[in-house]
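Naming follows writing order (A, B, C, D, E, F, G and H), and every chain is counted from residue 1.
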């Protein structure tokens, strides 16, 4: 398993990451990691590798885009001195284009998305042991659905950056697509975005598998 | 306009109809009709035809299927002695098949849907001046989406009954489909079911148009 | 219809406009426009002209007079860069003279009302595509009622300014008066000021008619 | 002063009487009489005639008509064995005709009002020392206002019964009319029905004056 | 009656005056004067002298001593430009000596009480039409009770200042003592300080009598 | 110490005993004994005699008189099968005569008090190991105060019964009187009835001393 | 994996199982399974075996002992017609002996525990496809700790029954003991009983491993 | 008894001291000392030595370590000018090492603990009449339990400082150990740290005994 003993893994993102975490920092006593994939990742790691003492910190914020991440990157990522950082962002960057078409100031274009994400990666790369790029996803099996099609483009950017920067890559869209072969989107997520517990475990499994997680 | 002076129009259905109405009966002082299409229908009628004194009663209940309507038909429809009744049901009959696939006891099959709806219409027809059948809908433009495809079948049943029973028919799916030509589903409804105010006005316009509503 | 594609219509006023809108800005997801005529105007426009993509922003504040509007005009109107602005103010300017006769510091005289309103119009006229002046009203059919008589004078000022400045004019008092021919004031508004949903639709219809709204 | 030492005065009526009293019986420690004229009557009597030990009980209920009073007369009046009873009812009997014109089942006709009130008086007269009939009122100075005109008819019934039955009579409409000579209705009551504290003191003064109250 | 037409009467004091008034200023719509003697004074004046248009402002604060009044005298009295001012203070100055004997920093000595009160009177006298000095009281009939004895000394200071400065004087202790001849303290005030509504009316009657109030 | 190993001591009474205990039975985990003398008695016993395992149950109810105790004696005392029972009742029996003089149905006369208390003692005596009679008290040092004088008569009844029935006796009035030699009543109890923590410890000390409590 | 396609697995127990589940039945939309090991078991199964459509129902109740389970076995287990049932009970049976030593009526003896558990198993065995016996545990590594020693005896009973009845067995104490080799109890559970998320995942992993769960 | 007449005893510490005290300063009317040993100490002193007028101030704060005490020592101790100060700190300094092993920044080492505590004592010694050092404790009878063993080392530091500085010393661990001879830890404290009322009385007795408290 790639995370070394005593590593601090900081996971940042939007509401999928947040999932009701504690403020200001999602770490400490009384289960402060929320109810989503971050909580599952922590529980899976803690149960299987107790001797590694992996420290998981949740810094997700509901509604955020990559533009919001940039604004708080210094205080919410770098200042906390993580060893590993995971970034899962982009759903809101795309969603606002579809649910708030009249408010262009809320939209983050593909260009801005890529530029900003590259900037954050470049800033972080030299200061950490490892980076984990996580694609955004949309729980919609029809790839010609306009929002799904757009989301795929944003996911492609994440894959491109991960490849160029040689970071780890978690392809959540691929994981969701596998589940969609046997399930209707509504059985995984009320609004095709916020998953139920099964959907969060799909994300968590994809995440820890990339880390080389062994169940036993 | 088809509603005669002093008519009482009772509108029954699920959460789309309910929309936060007052209990036990959605009528009276202080805007008890909720925030949805029923409220809009009432406001449009009241503003354009004040001299008709149309009395609108909202008896929608969130989460209900046609099976639930049947169980409360006597107390919630017949006992209130309406002159006109509108029925908009079926979304949950279909939705549970897709969001709760493991709980078949919550599913209402097409057969049960048709049988029950016919039964309610037969029971009501002789006691009222007019019946308004309203189709269920799904705010999804991809007609091959499984849930959309199923919803279309339930809508077809409504059209068939309206035709056979010579009731008025409001085709909400058709109205939504017109809007979907220029808008993404997410801009009308967070979960493709519960519309925002624009979506509710689309429903209300389709409804009053069938009644022969004249704007001026 | 006068509002061009992609226009931003900012509606400002008192509690009738506010009607429970979201703070700080009444725009965005989850129906932030309140429960009054602004919500109805937006829903009517969105349902009939989806392809125009009209953006409606509610900046009403309960209890405000024209004096209060002036104090927040820069931040709440000009800074938001609207294409169209509607102004419906004056009810509280008059009402306080009648419900709080002992507190003259809360009264806005006819002179101050006219001067301030002209000032706001002059400030705004050159920066927008269109201005919509909306009269205040009082839901009282007895024109010799002292507060009704005063309200009529404030309404006349609005008409005078609209005429001089060649803005659009919505005469809400005239719309209410038509309804009062067949209804007692108490059936439209508990306190003769805050309308129920039918009363708000009367306002909304008067509003969109001035814009050249076509029902179909 | 007409109330004998140790008398129990039960005051029944609608929301004007209720005014936030304690349930189920408006009597006891911690100021259970609400914030209206009943509280003022009790305080005026207690402060001026402490040695009489007058016991005031508030049994008002918001929204009630004479029909509602009849339904609870046994438990809420007779069972409590009062020495004196005051009845102030009728505002809702009239108001519903004007604010809910479409719901005739909420209206209490003049005939039903008179019949029921006479019935309650006949039932109570033989069991108490004294009865105090209190007219309903409407805080509207225009006597041609339709609701004011109707209210006057209901008030006339109260005067007629008081005269026939030789009970005491409190003419609250006359008291309010005196105040309306120098004040606009809105300065006494937000909705022309529920008075502010000055309005409630006008009622209380009219009430205790009929009892022969001496200020000093 | 001594208060001229259009006068503004500001009443300041402790929790007896406060009685749940609105913040920051106890004046305006919706009965903001609390539930105590200030509310009763206002209602009695408004009901008997509507044409005078007396404006009553409640600036009481629970728990305050004369030391606290001094600290807010500029903002809470002088800045509001009253025509008349009433001051009822001293109960907490004494009470803390008895309920918090171990915290001498909360006690206001007789000397500090007199000096500060004189200072406030001197500051205010030249700026107002009239001053009304109100004694503190203790609802205890045993004059040898230590707290009652102390309270009497503080009351004597108020009488002395009122006499020297030729202000009006309301002797609330004398009014309460008259009531205590027929009532046990506990029937007027749970804790011998905070009166019930009858006790507050005793205060209000003593207050308006000093103003030359005529009941009719 | 008189309480044998494994004894169950049930303490019943009014609000002084209750002090916020858990319902329906004041026993179990999470400090269910309230914040008054019962809690202190339990803590003192538990800390000094852990090996005795004394089980303390609080069955006090705020506002109760001996009449109320009788009504619940079977379910709240006998059914719980205590080994020891303490009874502290009478304060409300007296207090209502003074704070609610107009409501004689709330008063419990000295005769009824004695009869009922004897009845409860007779019923309980044969079924328990020991009975502890606790006098009511009034935190007022002036013995000629009417309520204090009455309370002393009720206390005398308790002493008489304890003597006749040879039960233990806790004289709380005597304990409070000792404290009143150096403290004003208001420093022990806001309303001369409900003590602060020092006052409750005075009660608890008097209680455990009667049991033969040894501090060390 | 042992659970067949379409199986319904009902999990019953105490607060560890409950973990905030929905009432009355822990199944349906919106993540009703609580935040504990049941939620994890469901998420792990749903993510790895979506095509099996396993239906998980949580019927845990905080504070329950085997005696409480028996009382609700018919309604809460048999009536719900599960295919598989898991039982994890015993912690409270033991805990009350240690945290409430003075209340023997709350203690469930080893004999009663065994007898009742055998009874429930016998009742259920013939009606289900499979039974999963889960041991209670105590997160305390000192096996000579009295409560740990007692818990081990109750766990032994579970193992004995599982062996005799040939049910599946989940040894949670063994799983916790493995974790305690590298962690202090306080890092897994605040009170050595209610685990944090890592502790719940340890339970869930032990549970699904017994079912033959394959991570991939 | 060592506390002189009129002394002010300030008690500082963590949640055991805090126990729900009033903010910002735990002193004054309405029982502001919380529900723990501080409340008991005050009640025991007040009941036995009323003539001494000892003033007890609670400045405990839940979760604090000696590091936190240092940060607020000036405002929360020195500025309040106590005559006596008691310090009970160290439980969280140790606990975080065991319940949050992954967050070393929350741990207070033995060295930092001793240095800081000496610093606070040195700062305070010259300004007060007396200092009372209170050891931390852990309600665990197994002295080889790792957290108990660590806590014993921190307690030894307190004893060493008390000895060196000749302050009074309260050995709470010794007091708890005596109780643990006859009770299981869970019967005194749910989490082995926060005692129930019996546990708090054990602390209070140990505390007042050191002061030379005489029960009678």
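Throughout what follows, contacts are C-beta pairs under 8 Å (C-beta built on N, C-alpha and C of every residue); 3 or more make two chains touch, one makes a residue touch a chain.
Quick caveat: nothing in here was measured; it's all calculated off a predicted structure.
Contact with both chain A and chain E is made by C, H. Looking at which of C-E and A-B shares more C-beta pairs in contact, the answer is the pair A-B. Centre-to-centre spacing of chain D and chain H amounts to 63 Å, using the average Cα coordinate of each chain. In whole angstrom, the spacing between the mean C-alpha positions of chain B and chain D is 45. Between chain B and chain H, the centres computed from C-alpha atoms are 67 Å apart. The distance from the centre of chain A to the centre of chain G, with each centre set as the mean of the Cα atoms, comes to 33 Å.
The residues of chain H that reach two or more other chains are 29, 99-101, 183, 190, listed in rising order. Screening every pair of chains for touch gives A-B, A-C, A-G, A-H, B-C, B-D, B-G, C-D, C-E, D-E, D-F, E-F, E-H, F-G, F-H, G-H. Looking at the complex, you find that chain F touches chain E at residues 95, 98-101, 142, 144-147, 183-184, 186-187, 190-192.
Interface residues of chain F, counted against chain G in their complex, comprise 6, 27-29, 53-55. Across the interface of their complex, chain B is touched by residues 29-31, 33, 35, 39-40, 42-44, 46-48, 50-51, 179, 182-183, 190, 196-198, 200-202, 204-205, 209, 215-216 of chain C.
Chain contact summary for the complex, chain G toward chain F: residues 99-103.
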